[in-house]
Amino acid sequence: MDQNISVTTLFFSFAADRMNAREVSVPLPKGSTLGQLIAEHLLPRLGSESQDWLFSVNQEWASKDRILHDGDEVAVIPPVSGG
Amino acid sequence: MDQNISVTTLFFSFAADRMNAREVSVPLPKGSTLGQLIAEHLLPRLGSESQDWLFSVNQEWASKDRILHDGDEVAVIPPVSGG
Amino acid sequence: MDIMRLTEAPIDVNEALAAIADPACGAQAFFLGLVRNEFEGRASAGIFYDAYVGLAEKELVQIGQELKAEFDIRHVVLIHRVGDLPVGTASVLVAVASGHRPEAFRAAREGIDRIKARVPIWKQEHWANGTDSWHDDPSALT
Amino acid sequence: MDIMRLTEAPIDVNEALAAIADPACGAQAFFLGLVRNEFEGRASAGIFYDAYVGLAEKELVQIGQELKAEFDIRHVVLIHRVGDLPVGTASVLVAVASGHRPEAFRAAREGIDRIKARVPIWKQEHWANGTDSWHDDPSALT
């Protein structure tokens, strides 16, 4: 299985409610992008509006063409509401 | 001397320095206005720019046609600089 | 001195006063956000603040650096609480010190605006009737 | 609760925090003015604040009432110190509480601007070299 990687995906706020989890480990083919993770594993459960949300990889804002690596920490950032 | 009144005049900041006093009792003919007090008793020592300053009578802002009465408290208010 | 911090502890305004004290600064502006007893007309008992702690702290530091670069301020404090806060509790503090007041007001306003727009923190309203809703949850409206 | 006061005692921010606390207010804005170590490039050791106490207090009350009438704020604190203050000391505090932040910032800014423009208080700079000058004294420039 050396062609597979595993990324930790974090969920907050109502995204965590929809996933029924704050953290999920997702197996992906090597070379997968953040966009592929979102489209294949997250969108079905987070809803189509999640396409417009922000995402981070290893605590830095990331674009959807970002290539993921084994052990990366991906976070799903729904619209923030601090203050 | 029942045709005379006396008003207490207060000075602050550099106006007090110019008068060399914080408080002066000024005798005036009955019916005198604030403007007359300023022109005859204050301007010569406070300088011509004091014509543009604000004045109060009994702790209320007053215009120069204000008639003064015996015992009134007049205050000379040079440009303020609080804060 | 600057402070940019996420915290579970109560916000201490006196800590911020000490941090930004500077004899060269004639102006200090503070903004405190607090948990209100209602939201959009509905009675609330408190708010749970969820956060992605690591990224939220990085974003607070980034905003603090931006404020110092963009405004003529010498010190900045940005503190945001996480966890369950009852009504009346301070959830966020912005404090800045500068030579004069215009830049202090501008920087403090920008500070809270950028925190609310960018820092990964989320509010869950604890309604007085016992139910909960996440702010900005589209499905909460149905 | 509102406070509009001239005082010889140190300004206590915690007193203001207690005065404006209100579960209906999600926003508090504070402005503190402090004695700086220089004025227009010249080193200063402190400032003497002269005041026409009676009228100054009336004017502070008037400004507080204006702010509550013109802005959607629920509480206001306006405190100005008088007397000799060393560098680093707070000379004036404006604090307001409101539902939301835009009106809190606007009211606090208006509060300090109106205090500086209208309240009969005068600053005498105690220069570091031992001499004194009244601010805005035309003859001080010669």
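Read from first to last, the chains carry the letters A, B, C and D; within each, the first residue is number 1.
Methods note: a residue touches a chain if its C-beta (ideal position, glycine included) is under 8 Å from a C-beta of that chain, and two chains touch if they have at least 3 such contacts.
Please read all numbers here as calculations on a predicted model, not as lab measurements.
Asker: Compute the shortest path length in steps from chain A to chain D over the network of touching chains.
Answerer: 2
Asker: For chain C, which other chain has the most distant CA centre?
Answerer: Chain B.
Asker: Per the centroid of Cα atoms for each chain, what is the distance between chain B and chain C, given in Å?
Answerer: 50
Asker: So what's the Cα centroid distance for chain C and chain D, whole Å?
Answerer: Chain centres of chain C and chain D, defined by C-alpha means, are spaced 24 Å apart.
Asker: Report the inter-chain centroid distance for chain B and chain D in whole angstrom, where each centroid is the mean of the CA atoms.
Answerer: Chain centroid spacing, chain B to chain D, equals 27 Å.
Asker: Just the number, please: Cα centre separation of chain A and chain B in whole Å.
Answerer: Centre separation, chain A to chain B: 76 Å.
Asker: Scan chain D for residues touching two or more other chains and write them down.
Answerer: 33, 112
Asker: Quick one: which residues in chain B touch 2 or more of the other chains?
Answerer: none
Asker: Can you identify all of the chain pairs that touch?
Answerer: The complete list of chain pairs in contact reads A-C, B-D, C-D.
Asker: Name, in rising order, each residue of chain D that touches chain B in their complex.
Answerer: Against chain B, chain D makes touches at 33, 49-52, 54-56, 58, 80, 91-92, 112, 115-124, 134-140.
Asker: Help me check something: in the complex, which residues belonging to chain B touch chain D?
Answerer: Against chain D, the touching part of chain B is residues 10, 12-14, 16-17, 47, 49, 56, 59-60, 75, 77-83.
Asker: Where on chain D is chain C touching in the complex?
Answerer: 13-14, 17, 21-38, 87-88, 99, 101, 104-105, 108-109, 112
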